[in-house]
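One chain, subunit A, links the two complexes that follow: it is found with subunit B in the first and with subunit C in the second.
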Partner chain A sequence: MAAVGAWRSEGAARWLFIWPTVLFVLFLSLFPLIASVVISFSRLSFHQGGVDLVFVGFNNYEQELFGLERSHFLGVLNPPGPIGWLVLGLTIALTAIAWTRAVRRGRVGAFGLALRLIGGILLIAWVWILVQALTSEGGRPGALIVTFIFVFVGIALQYTLGLGLALLASQRVPGRRFFRVTFLIPLTITPVGVGYMFLMLTDTSKGPLEPIWVALGLRDFTWVTDPWLARAAVIIGDTWAWTPFVFIVLLAAIEGLDHEIHEAALTDGASHWQSFRHIIFPAILPVSTTIVLIRLIEGFKIVDMPNILLGGGPGTATQSLTLQAWIDWNTLNLGRSAAVAYLLLILVTVVATVYISFVRRRATEYA
Partner chain B sequence: MRNPFRRRDATDLSPPAKFGAFMLLVAWSMVVLFPIYWLFVTSFKTPYQVDKGPFYVPFVDFTPTLDAWEYILVELGNDTLRPYLNTVIVGLASTTIALAMGSLTAYALVRFVYRPKVALIGAFILSVVVALAVAAFGGPLAVGVAGGVALFVIAAQTVGRRARWTLANSDIAFWLISQRILPPIAVAIPMYVLFQQVGLLDSIVALIIVYVATNLPIVVWLMREYFASLPRELEESAAVDGASAFRIVRSIVLPISVPGLVATFLIVLIFAWNEFLIALVLTSADAQTMPLQVAAQNATRGPQWWAMSVLILIMIAPVIVMALALERYITKGLLVGALKG
Partner chain C sequence: MSRLRTIAPAAGLILILSGCSPQASPSPSAEAAASGEPTSAPPAESAAPATAGPQGDKFKGINVNILTFNGPQVAEPLQRRAPDWEQLTGGHVNVVAVGFQTIYDKALLDASTGTNAFDAYVFDPQWLGDFTGPGYLLDITDRVKSDAQLEWDDIGPFFRDFNATYNGKVYTIPLDGDFHMVYYRSDLLDKDGVAPPKTWDDYVAVAQKYHGQDLNGDGEPDYGSCIAKKKGAQSYWWIISVAAGLIQGKGTNDGAFFDTSNMNPLFGPNDAMTKALQMYKKTTEFGPPDELNMDVGGTRGLFTTGRCALTMDWGDIGTLTPGTYAQDKTGATITPGWTEVLDRSTGKLVACDATTCPDAVDGVNYAPFASFGGWSGAINAAAPKEQQDAVYDFLSYMSSPAISGLDVTLGKTGYNPYRTSHFSNLQPWIDAGLSEAAATNYLGAIQASLQNKNMVLDMRIPQTKRYQQDVLDTALAQYLAGELDEAGAEQAIAAGWNQVTDEVGRDQQLAAYVASLGVQR
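Up next, the complex of A and B:
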């Protein structure tokens, strides 16, 4: 935020504008936050006449990362294949080069260097898990990796589509009011409803696409049994539902721009692509980074689409972290559910912090 | 007839480019509308017709029936009307409150400088924890609150005075958005306990409170961007002329941020309209909302597609009407006009 002004003496407004929000959010978040930490360190024990919380220390977390639940959470990890070793080697080399360059340049303080070192080690550990799950024989990704795939592939698609549609819909084409309202529709359907709707649409014998399946000779083909097709289906459904969110925010941002600048550029002979590349895109870059951050945070909580469409299957191929927490919750394994949720919290906090300090800061400076 | 793809002025797209843009928009409309069309025809089918494979056009390849509509609107009658009204009230109330509070906060975060002290925040949280702990171990709430306040005042006067380490506006903003990271599943049970204690279970007030809190961060982040992109000259000259911050916000900032406000309103309204899990946990009968009704159509006999389609359609209808009414405000020219006028 380069725009923070110097009006330090605004008295009442300074406090009135911000305190109700801060107190309200704090009040509603503090107790649930503390209570769920406590739950994540305990196990429910049922006995006659009631339920007790039994303190079990880090047991729930240990199970997810090293114990019985590891194949769910991280995946089945085997020694990586040759491509895996190559990727791992490259990652280590690049991280080492980046870090030594940061040391030699001497622009970053000791604290920053330590943070970067930790970040680099985390990155290498993450790639190590990835290659063990994805490039090895018999390995398969767990909820953690699956969630990452959903989030990053989904956001890339949603942002590209949303931006493209917002640019098109801001042109003076016939029927643009119709398009603008139409494109919002997927967002207006409740996520549970979107899940069931896609279940209906993707049914290979009763769904509307049945003739296509038959024509392709895929009548008895069930895409639900292939892990990657199932994941693709989840991503397609998620993209259908969330592209409007990116679309509407970017549309408002584009329409809010001062159009005299880029109209002047166009009159002076700049092409539409140049005016987008050098005027519109830099101007909407800050909004873009915000919308990606919000989608990042919301996307990690993906649950309805994989749950309703596939029940997390085939096997656990589309089980996201929140879905895993939800299944634990439904089987009254509250401690484990809360532990998964907290691991998700830590993970997303790290991802969001990295995103803000690298991508967003740079983008807002650039603009 | 004039060519609808003609070039309106020198800055407009060329006719072929405009036609291409139009075709792309049409293509995506198909992607969006086909599933909606399918919901629409499904809502006029009998269970038998749904089960027998795809039928596409009513009167042509199947005989439509109003059974599902009758079931939802007449047979269930009040059992549909009540959740419907709840959804409307909760959605509009929570969105209006969140938009009002959140926009002011967003404006403050863009235009004012805040330097909250880390030590003070720590003392505050510690005090709240103490108050909660006293209450949790059976002590009277009043004692807990009094103890917490006393602790905070003492800490603020002693440690707080010397503390140097401060945060900035961006830290406040990040703290707000970080409240959305934890999945609802993790906070559902604590929320239940919280609202049970204050006797607000199964009431729309509880839902409004929760939705305001969960949507505030979204409002703050979206509006913060819009406010930051506004030119500051007008506000500065008004401030020089002696206008108060309230006055500046009301008569300068709000009018020129209408596109952002409208887009944010629609998004937050839709979030509140469609929220499922918190509503599932906090309500049981009186305050149930429409998403629960939709999910309830997945009965033991399998999903009741026809009834579900009707519910989804009547759920999205008012939102689309509202989007139709508000779309005109998301348009260029407002900002420029305000600056020139």
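Up next, the complex of A and C:
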């Protein structure tokens, strides 16, 4: 009986059920992680009966950051224009002020200050790359900056629209159940399907919207051959696909609020804007920051829409980091593909960490 | 109940939208525009050889897996014909169809990692360099020569000796024949007394003449030229056709991609490439506004609905026109040429004469491009013997004159003619909906390309996919979009190609390239 009792103990359960599961999951996630690190330092070579990984050191990373692929990865970087210098100067000044304040207040230890200093330098370096690509004569953003544009502009639009729709759908209006379901439709379509749908919609010579284009006098106009309009097309498609996700989560958050407070504020003379600004928004802020975090991590992996809609074109205008990795993968340039994937991983980790450390924590405190 | 009424329409809408399956990835020679498909099933399909009768047992109980392109062309004839073959032999065929962009890595990883999930691959013969070196494909030299069903000698010499053969050994069974040609609206050109373009300057002049006119009577202005220039699709193949006549002047063995003495890229900084790039960009002025984002599905749809005066394509347009606006209004001609050619020692262009362009016709150096080569079936060397025998028999059956003679006349197959009998027997083409004049014109254009001594062979060395679908495609897209000028694009192509060459080994690549040009025709 004692033996049976021992088997029923928590310790035994841990060994029997938890550890095997943990090890299994670790194996599934760690093995690919380690294998892809090895591949990112290698070049694939085929031979009779197998494949060799030829060690090439940092060559794949070097190609992306300093070699032939630099213009695709970082972009074409030229001396910035006046606006670029202004932005850079402001960034340096604000970073210096923030760091100096942190030192004066004395609340942060030496380690924290060092981290902030490194963070500040990285921020300035990032802005330096941005202004060289975006404000210079002949400059051009690469996959890194294009991905950032897709992520941040896309999330801003998705959050704004999702919040607006959630507020509308939470009102007692006729047919609101129908609208709630209708708003969710894009979420049910695969990203590839969304890509093909927008491919048809943006086809101005024979797509379904062609008559509208012609009626508007835009017969010879296309928006997918201009770099910025093409990026806008990708962002619109991505926004259409992902806004329902933001909408449904925010709707749940809004409907979970105690409406008596909101109604009491209105009764006491608060306007709808004041009620939203001081009651609803702070209440849903923790949920909002979580949604943004999820979309942030997911958004950096954008590939379906730019690939299907534009093949990463015109030129390389809509080539995201994941698409660049995928193109390398397709030609079995696995080393370079893995290197791009790891650079993306580092980027997502840094951005997510900064977001969690600064934005989300403060937003939660504010709420 | 009210909730049900509210949800039901929305749920229905969701189901409809979710069920909309996307079209296949862009593909060479096989992707037909939905609007360009024949509107009715051509009668030739029903004329397929009868397979009724007792089931054979030659391969009874043997299952074979074939990896190919999900077109739906290319896979379609394999899937449609498989039950007939199964009836004849007792075997079973499982066709696994994937996107064009993933066939290469899926097949190569399948063979190289020892997974061997597929017994055969119906793929691009350009990739033979990557597969034959490590020994991933079965040498079928002896089989094809003694195979009565296949009738090897009926297959065109070019497709036998180049597409199917690598380093003197046969590795694939051709199922398709591919060439670039220019298609024109014969009704318009005949009416105006305009000759089909012989040079690229002619091409632009014809495109300019018709651009902005209503070409199909719908009251809307149409386009002078439609060429699929989307990145990640077929754009990089067309620039090869435009540049070929400027780069290769002394016959097929001259080569159009690399200098055969040192493997230096000819698609690099030189006057020929500059002129070709400029001409390619010039055609965009007479195309649809979103031509830079259009693959062959788009251009075929526009041409078969009568919206383009000119287009450039593989043989598919010819079989797609029956049942469309362009039926009996379409002419085909050999890819236009140039009156100048590259002097490889100086990088400058020189006039064509008996020395520089010995095969020129009326001073025009034609260099028809055997682009892609044609879908071909190869057998996995590591597959079990029974599967190898069975899948060989199936591929031989698919390529046999009786079967392929019908399939190449159908636009939905994505297969184009490659056998002598395909050219000599007009009846299947007429049964498929082409007029005798249209069939003669179409087959004549292909034959003119096939018989040209200055035909350009597609690249077929290890890492071909990187050279073309990564480096060339990206640099070209950047040039068309204005991200690079001519010099920048040429520099990007040359630097990228040199990098791939040096990674694999310059001597090894040079030997492979020279060997790939040594075909006897």
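Just so it is clear, the second predicted complex is superposed on the first by the 334 of 367 C-alpha atoms of A that agree within 3 Å, B and C clash if a C-alpha of one lies under 4 Å from a C-alpha of the other, contacts with A are read in each partner's own complex, and residues count from 1 in each chain.
The rule is simple: contacts are C-beta pairs under 8 Å (C-beta built on N, C-alpha and C of every residue); 3 or more make two chains touch, one makes a residue touch a chain.
Computed from a predicted model, the values in this text were never measured in an experiment.
Student: So, A:Tyr342: does it touch subunit B (first), subunit C (second), both, or neither?
Tutor: In the superposition, A:Tyr342 touches subunit B alone.
Student: Touching A:Asn333, do we find subunit B (first), subunit C (second), both, or neither?
Tutor: second
Student: Answer with first, second, both or neither: which of subunit B and subunit C does A:Thr316 touch in the superposed model?
Tutor: The answer is second: A:Thr316 touches subunit C but not subunit B.
Student: If we overlay the two complexes on their shared chain A, which of subunit B and subunit C does A:Asn307 touch? Say first, second, both or neither.
Tutor: second
Student: Which of the two, subunit B or subunit C, is in touch with more residues of subunit A?
Tutor: The partner making contact with more of subunit A's residues is B.
Student: In the superposed arrangement, does A:Gly50 touch subunit B (first), subunit C (second), both or neither?
Tutor: Second partner only, subunit C.
Student: Looking at A:Thr21 after the superposition, I want to know if it touches subunit B, subunit C, both of them or none. Which is it: first, second, both, neither?
Tutor: Touch status of A:Thr21: first partner only.
Student: For A:Gln274, select first, second, both or neither according to whether it touches subunit B, subunit C, the two together, or no partner.
Tutor: neither
Student: Quick check for you: in the superposed arrangement, does A:Val181 touch first (subunit B), second (subunit C), both or neither?
Tutor: A:Val181 contacts both subunit B and subunit C.
Student: Taking the superposition as given, does A:Thr100 touch the first partner, subunit B, the second, subunit C, both, or neither?
Tutor: Touch partners of A:Thr100: none, neither subunit B nor subunit C.
Student: For subunit A, give the residues common to its interface with subunit B and its interface with subunit C.
Tutor: Comparing the two interfaces on subunit A, one with subunit B and one with subunit C, the shared residues are 175, 177-178, 181-182, 184-185, 188-190, 192-193, 196-197, 205-206, 329.
Student: Give every residue of subunit B touching subunit A within the complex, in rising order.
Tutor: 4-5, 8, 10-13, 17-18, 21-22, 24-25, 28-29, 31-36, 38-39, 42, 50-54, 56, 101-102, 104-105, 107-114, 125, 128-129, 132, 169-170, 172, 174, 176-191, 193-194, 209-210, 212-213, 216-218, 220-222, 224-229, 231-232, 239, 244-246, 249, 257, 259-260, 262-263, 266-267, 270, 273-274, 276, 290-291, 294-295, 297-298, 303, 305, 308, 311-312, 315-316, 319-320, 323-324, 327-328, 330-333, 335-336, 339
Student: What does subunit A use to touch subunit B in their complex?
Tutor: Touching subunit B: residues 1-8, 10, 12-14, 16-18, 20-22, 24-25, 27-36, 39, 161, 164-165, 168-193, 196-201, 205-211, 240, 245, 248-249, 251-253, 255-260, 262-263, 266-267, 272, 283, 286-287, 290, 293-294, 297-298, 300-301, 303-304, 321-322, 325-326, 329, 334, 337-338, 341-342, 344-345, 348-349, 352-353, 356 of subunit A.
Student: Flag every residue of subunit A that touches subunit C in the complex, lowest number first.
Tutor: Spelled out, the residues of subunit A in touch with subunit C are 43, 46-51, 68, 72, 140, 175, 177-178, 181-182, 184-185, 188-190, 192-193, 195-197, 202-206, 214, 219-222, 224-225, 227, 307-317, 327-333.
Student: Which of the residues in subunit C come into contact with subunit A in the complex?
Tutor: Per the stated touch rule, the residues are 3, 6-7, 9-11, 13-14, 17-18, 20-23, 26, 35, 101-102, 104-105, 108-109, 112-114, 130, 133-135, 220-221, 223, 230-233, 288-290, 292-293, 298, 301-302, 305, 307, 463, 465-466, 469-470, 474, 477-478, 480-484, 495-496, 499, 503.
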